[in-house]
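In what follows, a single structure is set out as structure tokens and then discussed.
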Amino acid sequence: MGRKVKDNFAKGIIYLATGITLSVLIFIVGFIFVKGIGLVNFDFLTRDFNEKVFYAFVQNEDVSMSIDEEALKQKTPFDDRYESLIEGPIYVDNIGAAIAKVTYKNNATEHEQLVISYIEKNSPLTNAADSTGKEMRIGTDYVIQSINGTDFEGLSLDEAAALIKNQSDELKIKVVQPGGGVKSNIITTLYMVLLSLVIAIPLGIFGAIYLTEYAKPGRFVNTIRFAAECLSGIPSIIFGLFGMAFFVVALKLQISLLSGSLTVAIILLPVIIRSTEEALKTVPTSFREGSLALGATKLQTIFKVVLPCAVPGIATAVLLSIGRVVGESAALLLTAGTVAQIPGTLLSPGSTLTVQAYYVAKEEGNIELACAIGIVIIVIVIVLNILSRIMSDKLDVFNKK
Amino acid sequence: MDKKIKFNTKNLDLFYGDFQALKSINLEICEKEVTAFIGPSGCGKSTFLRCLNRMNDLIESVRIEGEILFDGQDINGDIDVINLRTRVGMVFQKPNPFPMSIYENIAYGPKCQGLKDKTQLDKLVKESLIKAALWEEVKDRLNKSALGLSGGQQQRLCIARTIAMQPEVILMDEPTSALDPIATAKIEDLMSKLKKDYTIIIVTHSMQQAGRISDKTAFFLMGEVVEYGETPVIFTNPADKRTEDYITGRFG
Amino acid sequence: MEAIKRKKLRERIIENIFLLCACVAVISLLAITFFVFYNGLAPFVSNSYSLWSFLTGVEWRPGSNMYGIFYMIVGSVLATFGAILIGVPVAILTAVFIAEMAGSRAGKVIRFAVELLAGIPSVLYGVFGLGIIVPYVLKISPMAQGESLLATVFVLAIMILPTVVSISETSLSAVPKEYREGSYALGASKIQTIFRVVLPAAKSGIMTGVILGIGRAIGETMAVMLVCGNPIAGIPTSLFSQIRPLTTNIALEMGYASGVHQELLYSTGVVLFVFIMIINFAVNRIVKTKVGN
């Protein structure tokens, strides 16, 4: 009897522990989704993080409104992160768009602004260009500040509309492109993933080939394995320190996309080497012997027989690596910076989604925004997880055969 | 037959998923005898053995129909499996001592039953080892790892471990198949000594072994019991043609 | 003949390229060690700061040339210890559930959940900590802020779960089924079998998982940075004290530090590095003794 009580007690504790683990996951993911989902929309994904002020040149061209007044009132896609409506909207023919007056909040400062609330399909605003002639599309939610040198500051909505109507020929409009999105971070993340994989994958795969196909087991192989193991145990902040000392300072690559991806490539190396090695080991020796017996060289055997068999394993490694790059933050903080921009060159800085999430949480204390970025990251992680599961299932099928 | 019947199975069927591994087994196994199950690989003899202490419970897809009466009680019914296994011990094909000391291996079962008294445990360990003819060899290193013993010693340790539970029946699943001839001889010797206290049921691949040690023999083929009877009769004058073929080495 | 020679030469060249790639891991490790130590030991070699006051100081005030990291070491060790204390039992029992008690479907689901937990970037754990744990700690804390040792311990305990669960689960599943059968045949119940036979048999694998968990906890930066408070001085005296682990010290100030200040951040890295190396060697030893058995 005593034993049964004890057993049930132990069972209860085991269930409890499992419950804690599961609920922690659900709680974290749930927290991030609940907090952040309100901010995730199309604009969030397609806008830059920072506002951008520029002058747009627009042809004066009358376009009549194709919807009625009621519908126009509905078309107030004001971004509720920034704006609440004061007046309007009023449709202005010669730019083919409606403007409205709103209070515009940015980093706790609040002031009245004119924003574009609706744009006709063939409005001249859709063909706007900047001073160099580069196309600069103006969209809804953009703030307009001045036209042909005349500031809108202090004007009522009607006065502003009249001012726009009275312009002839080309219009030079000072616009503010709204920020708050993570487009640049998504693109930086993408660059970072591509670049670090391009560096780490060949190194890792070739290294693994050497270890499994060429090296004789012994001290040398053990040394490399030990090094790889040590590397995988080093915290990423140390990689960051190294990247800063070596790539950023010694090689003068600055805090940049390149420094970041080189640093991350080293972080990825052990994962890729180990998974590739394991994948190569599962290829039966008889395959190699068969190929060699047919007169193929060792290299041909490796590339035509062994590697193709190991592809699912290697693909899993690649997916794991992508996940690692997406999740990396400490090392990138020190080597790629926190500037939310699309890096123009290899030597420009840029922040990935994860670094951006850290930045907004720590420096701005904006947990909602950090969670919104978190949603994007978690979705990426889940997709990668599912893909790698499918991949390793494929590997199993190969093994069963 | 004046001996008491220990196990009695009635129309026992066993399925692994859709595959029927045992077909309508009807056997009566007597107390304090050695009963041997022989037959070719995959004939169901081990599966049947594992039914007798419900070890098949560990395999998910197994379904059992029919009755197994142990001292008249159906063990497939609502019984305490743990209690059953303390009364019906088992020794496996591969010696499987736990990665603990020799002493702990033998004290394990009694401790699981809640026995804590040190002097009682010491006595039990010693007695079991003596009964299993291992005491002389290991008495100086009871606290050393059991994994350091030779294969034959490990198997005798497993027998000692089973004896420590003071079971009524000992099931042995090819206990000597992983051992060399000398170790095998020692275990066979042990079995003939143990049978005065315990009912022993052994699955074996070796017909010679069955002939040497068992009182009764059952010949299994394709999940059925082809023939069951006194060992000398089965080996010298089998009633069934298939038994004769197997025993004379024409197949299997 | 010429063609064969060329073919052979090509094979040799490519083999050497492979060799070179294999060496990159070793070279990187050496380079990392060299650069971190070179920069980190410089201030002590050139006597611009005393090693003793660096290691024993309890104030980090770059403005007044005070760089003591003793209170950070204490913070790091306490946070790691606390995380292990909470996280490891939960993780091992979860692993037991997956390996021993769950049906194949439930096992799959939980395993997937654990993998997902492992895939969530550390920053998001930090955001979670900042959004949920810190406010809760604040409610029960006598201090004016929720960022604390306690919050750090909770975040780290969560973060080591996946590492310890998956490694423990692997080593539990690797325990031969003969042990389990032997135990059941002796009349042991399932729970007794798990706690008396299976867990002890998987001991070394589980230890490896725990040590890797320690490594993860002590090396964690971004999540901790958001919830630990990062004070400039003071050994933590209670669970509600703010702490400043070694890792966050580096990440916080590396961006703008220069001169001795920067070098001493590298020195902080050296101390962290030494901790990690000790852990690595411990893992290596455990794995080796396991093979030895």
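Some observations on this one:
Think of it as A, B and C in the order they're written, each chain with its own count starting at 1.
Just so we're on the same page, a contact is a pair of C-beta atoms (placed from the backbone, for glycine too) under 8 Å apart; a residue touches a chain by one contact, two chains touch by 3 or more.
Molecules present, by chain and UniProt name: A = Phosphate transport system permease protein PstA; B = Phosphate ABC transporter ATP-binding protein; C = Phosphate ABC transporter permease subunit PstC.
The shown structure was predicted, so the numbers you read here are calculated from the model rather than taken from an experiment.
Among the chains in view, C has its Cα centre nearest the centre of the complete protein Cα set.
Of all chains, the one whose mean C-alpha position sits at the greatest distance from that of chain C is B.
Chain pair with the larger contact count among B-C and A-C is A-C, by C-beta pairs in contact.
Look at where the CA atoms of chain A average out and do the same for chain B: the two points lie 63 Å apart.
Averaged C-alpha coordinates give centres for chain B and chain C that are 49 Å from one another. One inter-chain figure worth recording: chain A and chain C are separated by 26 Å, centre to centre, where each centre is the mean of the chain's CA atoms. Residue positions 189, 192 of chain C each touch two or more of the other chains. Chain contacts: chain B has residues 112-113 touching two or more partner chains.
In chain A, 3 are the positions where the chain touches two or more neighbouring chains simultaneously. Chain C meets chain A in the complex at residues 7, 10-11, 14-15, 17-19, 21-26, 28-29, 31-32, 35-36, 38-39, 89-94, 96-98, 101, 110, 112-117, 119-128, 130-132, 158, 161, 165, 189-192, 195, 212, 215-216, 218-222, 225-226, 247, 250-251, 254-255, 265-266, 269, 272-273, 276-277, 279-280, 283-284. Against chain C, the residues of chain B that register as touching in their complex are 53, 55, 58, 82-83, 85-86, 89-92, 94, 96-100, 108-109, 111-113, 147, 158, 161-162, 165.
Listing the residues of chain A that touch chain C in their complex gives 3, 6-7, 10-11, 13-18, 20-22, 24-25, 27-29, 31-32, 35, 202-211, 213-215, 223-224, 226-231, 233-242, 244-246, 250, 266, 269-270, 273, 297-299, 323, 326-330, 333-334, 354-355, 357-358, 361-362, 367, 370-371, 374, 377-378, 381-382, 384-385, 389. For chain C in complex with chain B, the touching residues are 176-189, 192, 196-197, 200-201, 293.
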